[in-house]
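Heads up, the next two complexes both have subunit A, just with different partners, subunit B and then subunit C.
Right, the complex of A and B next:
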């Protein structure tokens, strides 16, 4: 016996759908607890990274007078000092912005490149499609850490190199997702209708294809961001990011790892922050992805 | 009725399971005897599928059965626990869904699917016994049962074959009751006729009571012994098929019968103005009152009860006596078609051969569309009619031969044609669910050709957009809506409006009514006829429904397997077809009149 679960809830959910498609996506995502929790965590950490420096008790690169390196928490330095006797709390409050900006810029560049490649591949089909997607396959086989090492070995540690390395590893995944979603849209009759009246290809790609793949792409961007926060922090830890004495979460872990048993805060604090930022953004991404799938199925998402 | 009662539905109510618990259907009662087919007819949203599913003891997400009984062979199945009800499905009562392509598991072989159905209900004790039943079940639906067929996957079968497999699965466990939910919607007429005959034979041979859910009255007239007409969640009228269509006592049934296109063209198509009210938006009193020509003050005060007109004929209308009196008078006479003089061809197709990859789908096709006239291109699915339409519109490029428009030969692809040609030939796609960008508002969709061809946008364009909406009889309130907020018929009107703002000379319509309800179909045909009459737009109207074309077209070309088998004036072809293929197509098209004649004759 075939399943009789008819996925036709439109009759009942009509009022739910009397809004623009993106608002439907966001409200369906918002209905899930994971999205709310994720957004809360993300906003908290972004708040710390952006505005934390305004409330920092010390300058990040100056030692606290009267305290030795790896001093335990006290009233002068609430979370103690690091390997060079600087205030851990201040360095923590200053050190998030670089991780956030680097991973944000890298994700934006990577996603833009990937979306462009994916849309071109899906719309052109044929040889160009094969050429573009096989190129992406080559990129996907390079882990970002290895790519960064390779670039750094030839040019030296530069911030733009780190961004390029992370962007290049984001690109192929974005391209695959975009092409997959767009390949189906290309077959739709509204694309045919635009072609029939001679709308230029560039316009068809931008106004017929792109809006119809935006839901999975929004979810993917958030998930990539989450992944890239970890990669950027990892590359900073390995010394490919900001150079001392700058305050940076990845760098903090590296600089203070020897004193872990004496003074765990300068290592633990950035680790917890990076982990939470990753978890927060990926919860949001997961909520958006589930909502997108739910809408695809004709319902409005949620559990 | 002499045959034993197999299914009895008593005072069924299904309601929305949140908010104000508005009813989706209410007060549904009917009986079906063993071997009998009951047609359950209504427009989309009338609740016919909800009733069909309730017979299986099932409701859609967000709905629940609030009251009533569904008795199968005397036993009410609704109070049973969910697991037990689930076990009954497929065994005691089974279901044939609308779209076999999505109901069959694409990853399983035909044999595996059938075997699963049998073993899930513990049919037979051994593999051999089940295998024998599979062979038998396939034979019953006139499918081969050899090894090669059993090893096929659903995508390797045609639409008709897939639906037969779904039928075989439904009949496999020899159920007592079967619910068929528009199982022939996606099939062409010849396949449809075969499937319907199979359903009828199986039901009477095995004494199965069938509930046949459909929006197509002609199909139901061919198949059903009795018909229940549903409107806005109520049974409006219930009676024997011939009585119901000949002497409809409910105004809604009468309008439905009038909306059915007949090939003999004896009456004009009359669409029903307005739309059926949805749950929560229904008026007080009779739900049909706002659209009814017989409405009186009493109609709007209380919901009319189901009254008995004759022995087996019940109707929910307090004015049924007046409706019955009028039924005696003849159907509305057709308006005479305006005569159009012969001029140079608008479109001439000469010696066109077209192919998909290595497969040739058009063979040496010739046809002519005269200016201001409509040429209907008729054929079964796969006959190549859509390919030909796409060649004319510049959407299919791999062809040889000549397509000329107003005397000059056209290059193959739309990109190599000049802007004027692209503007003057507009294409309306088959499925309005697929041809409108879901991320654009209706205003943006209709503005696109305006901006492209005339560089008019924003407030300047609004006037033209409104004009086009007016032409297709759509309210301007839909301008800021998105396609998913409109019904199928409304979307198709938007698609036509988008074509109109380009001010075309030729409108190529590819099966534009096949995805729509009959009352909506009639209204769309009205719109197209008016465009042809008032704007003098030529039409190339591709369809598989022969019954539609008499109202709209002056000429017809019949296609089969990529060749034009016959062409000429509509009346000549439909009244005196010469080609065997045309004769077969005509006799396979379900006709209300023919079905009624057969029933009484």
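Right, the complex of A and C next:
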């Protein structure tokens, strides 16, 4: 499922494998430049999104006195004003949190649902396995944006609907990856042994299966987060995310797209921020994926 | 002869599976738009609607009938080509969607015809020159581009080529009724490039990953030992086998591309079904929204089926196992 070649995986030496699985994953990911650069970019953008509002010169929904809409940068408004004469810099500093929180919550819900389905399918095998995975196929056939628009058509643009739509479309891939990784673990001796001595099924799934498939899932979560930031910002850009007068990166682009020739900043600033946030998270995701494949290869090669 | 029989059987099985998937999807689409708790008529007309106008719209949407009857009337209409009447302009939905569909399919066709061969050869070449400067550069560039949402790419291209930096290409398309997409070659450039940037990086990365793995396999080593040139080893022995996983993943990602089309069409005001979907959701035009969502799901099921068939045709091992 991943687009990283096994041959590009990070080498993991034998001594390291004795440490906890997550520490091995993170230290192998940290060895690569891409992870460090990606994490740096991501932290910078998360910092702007979370703490930017503390240093914003104006309230985000107030006009700057004495300045017209689409005013060029000046000493009163360092990056000029937007379509309604509000300070671009302040709206930018306030507008990242919504993108981050919405995509984060949707990714967390979607991954949890998908991992649950994938673990159940891999452990139960047989008919339930088929049924669960076929259901996932149905959800794959509707793209996130289309499902979100479908729900918005009935109920109107609501944030909880947006989260549900993005979570439901995050679920099927997470389920496929979990099932793929767990299918092989289910066959191992210690799972059989745990079954034989009568350990409850729920406990086997949580304490034997889940820890053994955590590496690829952490990589997938990061890559999905990167993708969902784009989906959430895209829906706001289309006008189905946060509603005016909220300050939101996607909505800023929507509101100021017509003034691009007069005042590019209210469009450029959020575009650059969304681009950097998605690139940063996907660099980290790629680093984690290479580390996860290295761990997987070490395991199969070592047996 | 036996090959054909095995292949036909396989296609029929996949076709049935696709139809079942599509049927369940139609139930979800219907449930999401018509059977959700709450009154669709009220949400369309708003709080200030009079009881009479609510009753009229309910009758027009068929909301006064039992849910199962509503679903049956809608889904049987899909087969007879009667998808209801658009609430936005009172024209048959089939006609409204049909005219816009030409635009979307033409855009997808042009973008796909350029980006799929380009992505595949870029990936294969990177794999052959693994760890060279060329491979490193391609790898960094595709990793960055793969992450970018389509609207970010689209607006950036509009900033560079049509508004702020240069003024060489139009960023929106203004069409006359009854005209066809190929009458606007200049307006097509930016939407097509946006889609190419969305498809090429992913295809190239998958293709590189599967080619790298195949180049390390025994039979490729065998071909090398026989003294074949590296170029021949790559294109004759490695690439055909690396195509199979590429097709599979490409089909899966076309579902995301269908979502991307909605955004790209909205950025460039391109009058395809993606923009129509956005307009219809804003106008609460349920029959049109349902029809487009079902079409996008069907497009995905069909592309997936084609990818499965293409996989069988390009991989000799699977081809023989079906006999």
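Simple rule for what comes next: the second predicted complex is superposed on the first by the 280 of 303 C-alpha atoms of A that agree within 3 Å, B and C clash if a C-alpha of one lies under 4 Å from a C-alpha of the other, contacts with A are read in each partner's own complex, and residues count from 1 in each chain.
Rule of thumb we're sticking to: a residue touches a chain if its C-beta (ideal position, glycine included) is under 8 Å from a C-beta of that chain, and two chains touch if they have at least 3 such contacts.
Please read all numbers here as calculations on a predicted model, not as lab measurements.
Enquirer: Should A:192 be classified as contacting the first partner (subunit B), the second (subunit C), both, or neither?
Expert: After superposition on chain A, A:192 lies in contact with subunit B alone.
Enquirer: Of the partners subunit B and subunit C, which touch A:251 in the superposed model: first, second, both, neither?
Expert: Neither partner.
Enquirer: So, does A:212 touch the first partner subunit B, the second partner subunit C, both, or neither?
Expert: The first partner, subunit B, only.
Enquirer: Would you mind checking which one, subunit B or subunit C, touches more residues on subunit A?
Expert: C
Enquirer: Please indicate which partner A:240 is in contact with in the superposed arrangement: first for subunit B, second for subunit C, both, or neither.
Expert: So A:240 only meets subunit C here.
Enquirer: Pick one for A:21: touches subunit B only (first), subunit C only (second), both, or neither.
Expert: A:21 contacts subunit B only, not subunit C.
Enquirer: Would you tell me the residues on subunit A in contact with subunit B in one complex that are also in contact with subunit C in the other?
Expert: In subunit A, positions 1-6, 8 sit in both the subunit B and subunit C interfaces.
Enquirer: Can you list the subunit C residues touching subunit A in their complex?
Expert: Listed in rising order, the residues of subunit C that touch subunit A are 20-22, 24-25, 28-29, 32-34, 36, 38, 40, 43, 127, 130, 143-144, 146-152, 155-156, 158-159, 163-164, 202, 205-206, 208-210, 212-213, 216, 249, 252, 255-256, 258-260, 262-263, 266, 277-278, 280-282, 284, 286, 289, 293, 296-297, 300-301.
Enquirer: Residues of subunit A touching subunit C in their complex?
Expert: Subunit A reaches subunit C through residues 1-8, 34, 134-135, 137-138, 140-147, 149-156, 226-227, 229-231, 233-234, 237-240, 253, 257, 260-261, 264, 267-268, 271, 274-275, 278-279, 281-283, 286.
Enquirer: If we count contacts the way the header does, which residues on subunit B are in touch with subunit A in the complex?
Expert: 16, 24, 45, 49, 53, 56, 58, 60-63, 89-91, 94-95, 97, 103-104, 117, 120-121, 166, 169-170, 278-279, 393-395, 414-415, 417, 419, 422-423, 426-427, 429-431, 434-440, 448-449, 452-453, 481-482, 484-485, 495, 498, 502
Enquirer: Of all residues in subunit A, which touch subunit B in the complex?
Expert: 1-6, 8-14, 17-18, 20-21, 188-190, 192-199, 207-208, 211-212, 214, 299
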